[in-house]
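You will see chain A twice below: alongside chain B first, and alongside chain C after that.
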Partner chain A sequence: MATETGRDRSLSLSSPGRWIEGLSDTQFAYLLLTPCLILFGVIAFWPLVRTFQMSLQADLLYGAERLGPFVGFENYVELLTGERNAALPRPFFDPSQIFTSALTVTIIFTVVSVFFETVLGFGQALILNQEFRGRRWARVAIILPWAVPIVIQGMIFFLLFQPTIGFLVEPLQQLGVFSSTPQANSVESLVIVIVADVWKTSAFMALIILAGLQSIDRSLYDVADVAGASKFERFRTITLPLVLPSVLVAMLFRTIGAMRVFGLIETVSSCSTVPSLSCLVVQAFSSSRYASAATVAFVTAAIIGLVVSVYIVKFADVEGGGGF
Partner chain B sequence: MIPSDGDRSRAVDRRRFVKALGATGLAASGSLAGCLSRGSAGPQTIEIAANTDVKENVGEIQAKLHEVGLSEDIELSAIAGVQSSGSRKQQYNRWLSGNLERPALFMMDSGWAIPFILRDQLVDIAEIRPELATTIQEEYFEPFVRSIEDRTGGLYGVPLFPTTGAMLYRKDLVKQAGFSPERNNWATEPLSWQRFSEVTKETMQATDTRWGFSFQANSYEGLSCCDFKEFTGSWGGSYFGAKENLFGPVGERPVTVDSQPVVDATRMVRTFIEGDTENALESVAGDISPRAVLQWQEETSRRPFSNGSVVMHRNWPYAIAIAGAEDAFGRDLGVMPMPYGVTEDEAKYEGYGGTTSSLGGWHVALNPNSPKREMAFEVMEAMTQPAMQLFLFELLGWLPPRPALFETERMRQVPVMGRYVETLRMTVENSTPRPVTVAWPQESTKIAQQANAAFSGDGTPSQRMQTLKEQLQAIEEASERKDAAETRGGTGGPSPSETGTATSGGG
Partner chain C sequence: MGTETGRGTTTATEDEDKTFVERWASGSIADPERTYKVLFYIVAISFLVTTLFPFYWLTVVALTPQGNLTDVGLLPNGFNPGAFVEVFTTVPFHIYMINSVIIGLLTTALVLLLASLAGYAFGRFEFPGRTPLMLIFLAISYFPPAAFLLPLFELFTANITFFTLPGGTEVTSPMLFNGPGAMVLPYSALFLPLSIFILTTFYSQIPDGLEDAARVEGNTRLGALFKVIMPLSAPGVATAGVLTFIAVYNEYFFAFLMTDGRVQNWATIVWGLLSYQGRFQTSYNLMAAASLVGVIPIAILVVIAQEKIVSGLTAGGLKE
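Let's turn to the complex of A and B:
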């Protein structure tokens, strides 16, 4: 009896096993991905849908209910036409206030910081890709800022530009670069935030680009040497095309990160001085204007989605289908 | 043969993979559960979201609470929280909106407790402990209690300690410059801004001190709620007309930030910072404050004073405890009420003029989701004991919320702070709470931005105040419209003028 029961159990246990064995490679891959996709759906898509739903309701400032009645796209219309600016700490978009409008500040921050991070990161990666004595230490030195927690990083730059505390304020003022109170000025504060971001995140770019550089087949350079190519030609015809997919992936990640910037601004400066889109979301939320916060959040997500799509569509041919 | 072998080996790999995945998942969930359960507080521990002072002294505070009647088996555990009050508000908002059970108690800034009350996110003590609520409402500083009440007399927390703006100064330096603070009784007879600025300027020059007057003018809540409100109030001005409009009705009250007293106050600060500018206020001496005040909050402005680089410094009582300590300035620290621009009789708006201090301070409120409500109440009750309040004054420099305690000999004998009890009492008596309504978070941001810009010379004071007026009016209108819609829906339709009063909240 016992043996028979055991055999029955092994038979019943083996059927899912057989079913798994019968799957094609693609089906098996999707089977393994299913839990991940479900989890991803719960933690990413549900909040997105819920945020959108909230953004279609009115702000409600009293009572236990957080949201008012359904108002359709009124929040979006008011946000984009500037009518909602009164409820926000800084305007969403106002052409007369480029450096204090959330949309333009976010775009300026993203474009400038990603540009400098890519250029510096590329340079650092090229250096790290060379064989030289002490390369290991150089790598550590370049990567170190990436390991600094954002609050410490923010504090460093906050204090550097505090009059009577930081040593940079007076020399920069004498050089005419900054005023005596850079953190009371939106333009100067934005520059400080960008410098802080570039200081830290160039290392991240360098890491990803370095990985791309190291995957280049060295024999290609030997062929180039035989063909008598100059250093620049080697870079233009071998290094750049082969490393470009890695650079684009790195830029994509950084662009997404930069468009959501919040913590760095809060620690280095303030959301009132350097308002980003995420700043508006957080501040509207903490003023109990949940629908307005959801609207700005959804618009931010849409803008990021748009930028990502441009990257993917525009550079799909460059990339060749391997990375994105 | 070869393909079949290959299939078998792959099948085994898959099975192993799935088994391994299951085992890993179980192990991971087990360890995650372990992590979560490790974080929970003991059954008799009441967690309070507070500040670093409480966190560092929680042992002594708990011992005193036990001494004044808290059950010995209840323990107190403190979460230090972030230093910035605004960030702490956001943190609480996230916790309470997420219906978290912990912490049971919150130390809440009197400046932003009302929005939580209007959201039904705090427990009404008047309902559960009416006798305690009555004692508080009868015996505590009245304007302070109002910042944790609703219109119907509900009390949503235990007032812990009020704070008011006061002027700290270096008595040794002003004496060296030939002034006599004691003979002229600066401690309780406020100076005019004119006299104050002249004294400051002369002392700076006579004693070769780097700066005259430091305060907080960063673009943050502290500027709109406090420093700027003190400056404007002392000139008889106000953001929203008479004092009775402080708490609303939103949308119906006048916006008066462009009135002459407010513009004059702005010009005065501009003169303090830049001296002889285009829009200088003639009656005050200029060039006594560093431009750095535009970036300074409480601590950043206090440090230069504590370092000896400043003659006069506007701050809260905690700074008195630090600067007046024996190893700091000791008895060389003087404290006086905030100076005035016009007298109360000359003030344009009723309730302003004369020495004006902003009223801040903190309350202890109860999390409605806490399963430890009874124990938390016990802690709150113990905190209302006069002995506890005197102890906190002694330990942390927290002013008692009961005026009667200012009369006690014990309060005067407290080292350092005891020397300034008369002045502190005067500042609390002449204090104005901040105008907290549902519209205040947005209004506060705009006020701080425009005042900071005007102080920095980015636009003239009158231009900036005019822009501010337009912004505040837009916020008031936007908030009124929502209120009217909401209340009409909720109560079956009183008139819009009635609904406006709903915004008074803490009123």
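Let's turn to the complex of A and C:
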């Protein structure tokens, strides 16, 4: 902004219109980007820097100040070595409590739900890729769960697995799969949360994979037919390799989304029963451990960053080193 | 699929005096396409049933009278449409919904304005720093909302002092907590990247000639943008708008944490629905009815704008 006003003064001040006409393409492009840069600066970049700064200070539970003195990377060391576990509402990582440690709960949730979402999303995409009557309405039905607000998604599965009314609970209890109060049991609640997530977001996978399917050149299938390939061979040698990049992109997006899970857990069960990483941030924050909360938030961001880079490397592999 | 190898081993004459299953099986062997079709419909219908069943079941629970809620089956045990009225009398659910919609519209407006400008810059110009900036913008949407929460909370509760005036008065950040701004601003930052990428794609597809012609006709740079380019990119703007609105209506994290949950403090449907869970422990029929009511606006939007949603999501996805 400062440089622009400087330039402004050197040009005629008569009309902003004429001033804009005088800008080079680069200057004009940056002028158009200025509002975005301001918003991102205040609402995204500054908070990230500030969160990092907070994570380098000590927790201060009493007094007017929110944060204690600068302690360097002590919070990170204590968090990753498990020394901080006792001070947090739920442990970050404790091998003896896999289903109540934030890190393992988040990883289990992400891996299992993204796996099922990919499989089901692929199936839905193959269905939607066919011509059939009522396809438009089938597509609406498949997209609808994706658009349902998280709190309503949570409410649906809260009710479905509510022991007194949910008709699913009794048969599952008789089979010995569920206890009498699944929403208070960490493992069972995690299963419910995963089922709810798969229900809602398989559609998202399906749409991205469908776009990949539709971009496949039809003449490849004609060649396969002439060569006498079976349906399965066609799928394995043409469809699968060509659609794989889209599948990876869809998996990447879903993995990022799944690692942030919070609201679904709050509605179906509670953050203390199924503590995800985001849950741990909020819980530490509400118990006034601001520095610990900031540290967990930053570690979460770092884990997501790691996952993103693994996918990008893998993606470059699949594309034959072609990159983007 | 595997049956393909058995093609032609049976003939139609052998079909006499066989049971239905046998006839069907031999028919399928003779005509594998038929098996494939049947399989296809079975899979398609099971997908439809699993995605739509929860809505049916919510209706069943909502219609079941309060007293019969201990035994809900697949059909409503009694008929009590009054729950759909009670939803609004026990909790002002309509106000929560209006709050959600207003916050959604405000965010959509802000996102579309900023994303149009940025998408135009990225889509029409080659300038130094273009690719790194796009990657940085994209990176923002990778961060978990939790990573922004603490500083934004401080900022929106007037706890950040910008500077101290000579007289000793401190200029602090505005008190946005419990107001629409505390949600609209984070949402705009979080959902802006997707819209920027959708609009960048749209703007880059507009032929250069059109813009040149507009400029020759005496339009200024901004005139060409607003009068010629923006109308042409209307489909992209609509797509970005629909996706942004759905994302905001969907959002939980900031909606939960940036207000104290009272309806007069801009609490959204997140708090509206949770208030049934908290206050009326056994009002499962109201929770179900409120969930259905809350889905209506978004269901209408999905039916009307499904093409836009599909094209927008896939454009965003394939942009990588």
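What to note about this one:
Heads up, the rule we're going with is that the second predicted complex is superposed on the first by the 271 of 324 C-alpha atoms of A that agree within 3 Å, B and C clash if a C-alpha of one lies under 4 Å from a C-alpha of the other, contacts with A are read in each partner's own complex, and residues count from 1 in each chain.
FYI, contacts are C-beta pairs under 8 Å (C-beta built on N, C-alpha and C of every residue); 3 or more make two chains touch, one makes a residue touch a chain.
None of these values were measured; they are calculated from a predicted model.
When both complexes are superposed on chain A, chain B and chain C clash. In the superposition on chain A, contact is made by A:A184 with chain B only, not with chain C. Contacts of A:Q162 after superposition on the shared chain: both chain B and chain C are touched. Residue contacts after overlaying the shared chain place A:A294 against chain C, while chain B stays out of touching range. Legend: residue contacts after superposition of the two complexes on their common chain; A:G17 is shown touching both chain B and chain C. Within the superposed three-chain model, A:A58 lies in touch with chain B and out of touch with chain C [touch as defined at top]. When both complexes are overlaid on chain A, the residue A:T273 reaches chain B alone and has no touch with chain C.
Once the two complexes are laid over each other on the shared chain, residue contacts for A:V140 go to chain C alone; chain B is not touched. Note on chain A: of its two partners chain C and chain B, the one contacting more of its residues is C. Residue contacts after overlaying the shared chain place A:Y221 against neither chain B nor chain C.
Legend: residue contacts after superposition of the two complexes on their common chain; A:F285 is shown touching both chain B and chain C.
It is stretch 152-160 of chain C, out of 44-52, 134-142, 152-160 or 296-304, that runs into chain B when the two complexes are superposed.
Common to the chain B and chain C contact sets on chain A are residues 17, 20-21, 28, 66, 162, 164-165, 266, 282, 285.
Every residue of chain B that touches chain A in the complex is listed here, in rising order: 7, 11, 14-15, 18, 86-87, 89-90, 93, 97, 115, 118-121, 218-220, 290-292, 294-295, 300, 303-304, 309, 438, 441-442, 445-446, 448-449, 452, 456, 471, 474-475, 477-479, 482-483, 485-487, 489-490, 502.
Against chain A, the residues of chain C that register as touching in their complex are 1-2, 4-5, 36, 40, 43-44, 47-48, 50-52, 54-55, 57-58, 61, 69-70, 72-74, 113-115, 117-118, 120-122, 125-128, 130, 133, 137, 140, 142-155, 185-186, 188-189, 192, 196, 220-222, 246, 249-253, 256-257, 269-270, 273-274, 277, 282, 284, 287-288, 290-291, 294-295, 298-299, 301-303, 306, 309-310, 313-314, 317-318, 320. On the chain A side of its complex with chain C, the touching residues are 17, 20-21, 25-26, 28-30, 32-33, 35-36, 39-40, 42-44, 46-48, 50-51, 54, 66, 120, 123-124, 127, 130, 132, 136, 138-145, 147-152, 155-160, 162, 164-167, 199, 203-204, 207-208, 210-212, 230-232, 246, 249-250, 252-253, 256, 259-260, 262-264, 266-267, 277-278, 281-282, 285, 290, 293-294, 296-298, 300-301, 304-305, 308, 315, 324. On chain A, the positions that touch chain B within their shared complex are 17, 20-21, 28, 58-64, 66, 68-69, 85-90, 162-165, 180-181, 183-185, 266, 270, 272-273, 282-283, 285-288.
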